[in-house]
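By written order: A, B and C. Residues from 1 in each chain.
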Amino acid sequence: MIAGRASLLAGAAVLLAPLFLFTGYHLFELTLTVATALAILGLDLVTGHTGQISLGHGAFYAIGAYVTAILMADCGVPYWATPPASALVSAATGFAIGLPALRLRGHYLALTTFALAVALPQILKYRGLEGLTGGVQGVVLVQPGPPFGLPLTPDQWLYLFSLAVAAPLFLLVRNLTRGRIGLAMVAARDHPLAAEAMGIDLAWLKTGAFAISAMITGIAGSLGAIAVQFVAPDSFPPLLSIFLFVGLVVGGIGSAAGAVIGALFVQFVPDLAEQVSKAAPGAVYGIALIAVLYLMPQGAAGALASLPQLRRRGALAAARGESPSRGGTGHVE
Amino acid sequence: MPALLEARGLRAGYGAGEVLHGIFFVVDTGGVTVLLGANGAGKTTTLRAVSGMLRTTGEIRFDGTRIEGRATEDIARLGVAHVPDGRGTFMELTVAENLRLGAYIRRDRGIAADLDRIFAYFPALGARSRQQAGTLSGGEQQMLAIARALLSRPKLLLLDEPSFGLAPLVVREIFALIQRIRAESGTSILLVEQNATLALALADRAYLLETGRIVIGGAADDIARDERVRRAYLGY
Amino acid sequence: MAGLLHQLLSGLASGGIYASVALALATIYRATHHVNFAQGEMATLSTYVALALIGAGLPYWASFALTVVASFAIGVAIERLLLRPMARAPALSSVGVLIGLLLIFNSLSGWLFGYTIKTFPSPFEAAAAGGLLGGYLSAHELGATAVTLAMLLGVFLFFRHTKTGLAMRAAAYNPASSRLVGIRVGRMLALGWGLAAAIGAVAGMLIAPTVFLDPNMMGGILLYAFAGALLGGIDNPLGAVLGGFAVGVIENLAGAYLVGTELKLTLALLIIVGVLLVRPAGLFGRVVVSRV
């Protein structure tokens, strides 16, 4: 991984370039991509690093979006003050889900989280809560404009705003995963027994990871809502959670760049697929997905980063006599 | 009599790193060959190479045919039974199911009789035949692993450190068992061990492996008397 | 009381639907330790193929048989061509491939056969027009349940008492050791996929008469089936089938007496999750004990 001032400046340049290169709709799509990348980053924390499969992160995205919408529309809270609130509510939900859910592993956890993704739109549509959520009609928001009279279009401002919110979170996750906590997470993922024997409190670790992950994805939802200026139950179908998962796998786990690449895939490939085939866009998308996974089974970021190491890792697995796909051990839960 | 198993210039490794740097050894038909060596010398790698679990260069002849490069399951079907390091037990299946799997490649009618014989050899397994194999103790799992290997009526038995992680009394039992197998069934055995004393006592041939090379080899008695082996592995 | 009985039987009828798909999921899991997220869409496509054959003039049972065989072949092909190359990749990538497959099959169904809802014939209708059991269950529902149970029996016996069934289970648990005893692991995995695809095809053909055939027929059903399989223990075909029936009953009762149709899916899933928290391996799942 390259580091240093030069790459930092280059990165900043790449991130700011869209302000000058794109306008209107494309910039809006990129703003959404930022939100999606952040959402995938959150998912990565829990699925990539801690090994807990979540097929329900769309629900946290929705929760964050709705908190923002309700605060903006019903309580007159300015848009820039809503992300922290979204963060709080999603984190609390994540904690509440994570605590019991950590007893489940693998497919059982996948179902539980997916159940959350399925349940949430139903709950949002529920007539009893219509006063709060706006029911099936949803909530419409007003597009925020740039502050202090800056010479930017609203689209440009929103893009900058989203970057400004997302960037520190990316840094936060990076520090988290590179430090002791990150090591503990990987240990919990690969060898839970050994991790426990070394004194790592798995319960706290897993629940905490879940909560932080939900928080990050919730903030992403908040950004998404502000950008789209509309939330409705059908904006957050179970498929959203699936797509976040797809983005994670395509981009590669454990990588910030991967989250961005995954977000780009999820954001733009569906439109491209429709251009290729009006009749069967789903098939084109599926083929594209499978092709990407074939060529880069570790995800895009994985392929980029591990070209020299790939041989060594495959070799170590061969040494243990089984495939590396089962997280390092021959026994499946 | 030609050797049952012969390796020449065998090289093997994991990915980029080579672990065996061209070794030669022989297992006589009906005989016991022992590979001695410290941790990391390449003993387990050797057995894996014979079983086709690794990519190898060089020659491995089993019963007259070249087997290097063949798939593990094909080599097993030729009559090689490998008891791997870690025992390779099917933890989630019952003891009885583990044993039935040992006889997987057989099509004859003698399986039931052999199972009875196994349970006579190993009463502990009989008592636990419906239990999940993962609940057995280390020694019992080792017995299960060997029993499973025997059920295929192999020509060659590959044993990877059968004494590993077992209490001394249990180890003695296991070696008495191996002695019995050799005496009663005429199965050839390639044994990899760190416990040199016990191993040399029942071997015909012995080789000493050090960082991927055979440093000495020959008749077991001669090797037992060799200066280097005595100092390093026999303790006197 | 009659109302409760009606709901119960109704629940069992829909539960039968979930149970048949749950059986396919459990079979594949037993044989490969994969959860086949594309199971529903594969079954839908198979059902369309059957409809096409019937439309072309073949009698029902001939179309049925041909579809089952073709589905078996497709299952084997999927394992050989798509999943085997992924064996060395992280497990998550395999899930991604299956999701891709889901999207492809779903799209293909719509593209090749159209999105209009179609009817699918049932081989049992001729038997009793007015319905059996006091009119609570139709002949088809009863017949479909019987077929599901028959398949369950077949799968159960296959895994428990045949050599190949044992080899398939072994190959899923421990491929390395399986090779050492001479099992051709690749072949076992392919067989598992073929079997599950065939079961899925039968499930699709049993379900379509009741819910009508359209490309998204299986979406909700797969979720319930998955829930049922996990409830009963995903590595246990019998448990999965029982779980499927249970989910049908729970869903129906919840909808009728507790929360109405709006939230019944939520409640049903909540109940299932609740059970899983108490019994993390499912009601009948095998909890694997291993001494460290």
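Brief remarks follow.
As a convention for this text, contacts are C-beta pairs under 8 Å (C-beta built on N, C-alpha and C of every residue); 3 or more make two chains touch, one makes a residue touch a chain.
Everything numeric here is computed off the predicted structure, so don't read it as measured data.
Chain closest to the overall centre, judged by the mean of its C-alpha atoms against the mean of all protein C-alpha atoms: C. Between the chain pairs B-C and A-C, more C-beta pairs are in contact across A-C. Annotation: 50 Å between the Cα-based centres of chain A and chain B.
In terms of their C-alpha centroids, the spacing between chain B and chain C amounts to 43 Å. Centroids of chain A and chain C (each the mean of its C-alpha atoms) stand 30 Å apart. Counting partner chains per residue, chain A has residues 314, 321, 331 touching two or more of them.
Shared interface positions of chain C, i.e. residues touching 2 or more other chains, are given as 173-174, 176, 288, 290. Each of the following residues of chain B touches two or more other chains: 53, 84, 91. Residues 29, 33, 35, 82, 85-97, 99-104, 106-108, 110-111, 172-176, 223, 226-227, 230, 234, 262-263, 265-266, 269-270, 272-273, 276-277, 280-282, 288, 290, 292 of chain C are the ones touching chain A in the complex. Here chain A touches chain C in the complex through residues 47, 53, 100, 103-105, 107-108, 110-112, 114-115, 118-119, 122-123, 125-127, 193, 242, 245-246, 248-250, 253, 279-287, 289-290, 293-294, 297-299, 314, 317, 321-327, 330-333, going by the rule given at the top. Partner chain B is touched in their complex by these residues of chain C: 163, 166-167, 169-170, 173-174, 176-185, 286, 288-291. By the touch rule above, chain B contacts chain C in their complex via residues 51, 53, 71-73, 76-77, 81-82, 84, 88-93, 97, 100-102, 104-105, 132, 134-137, 148, 152.
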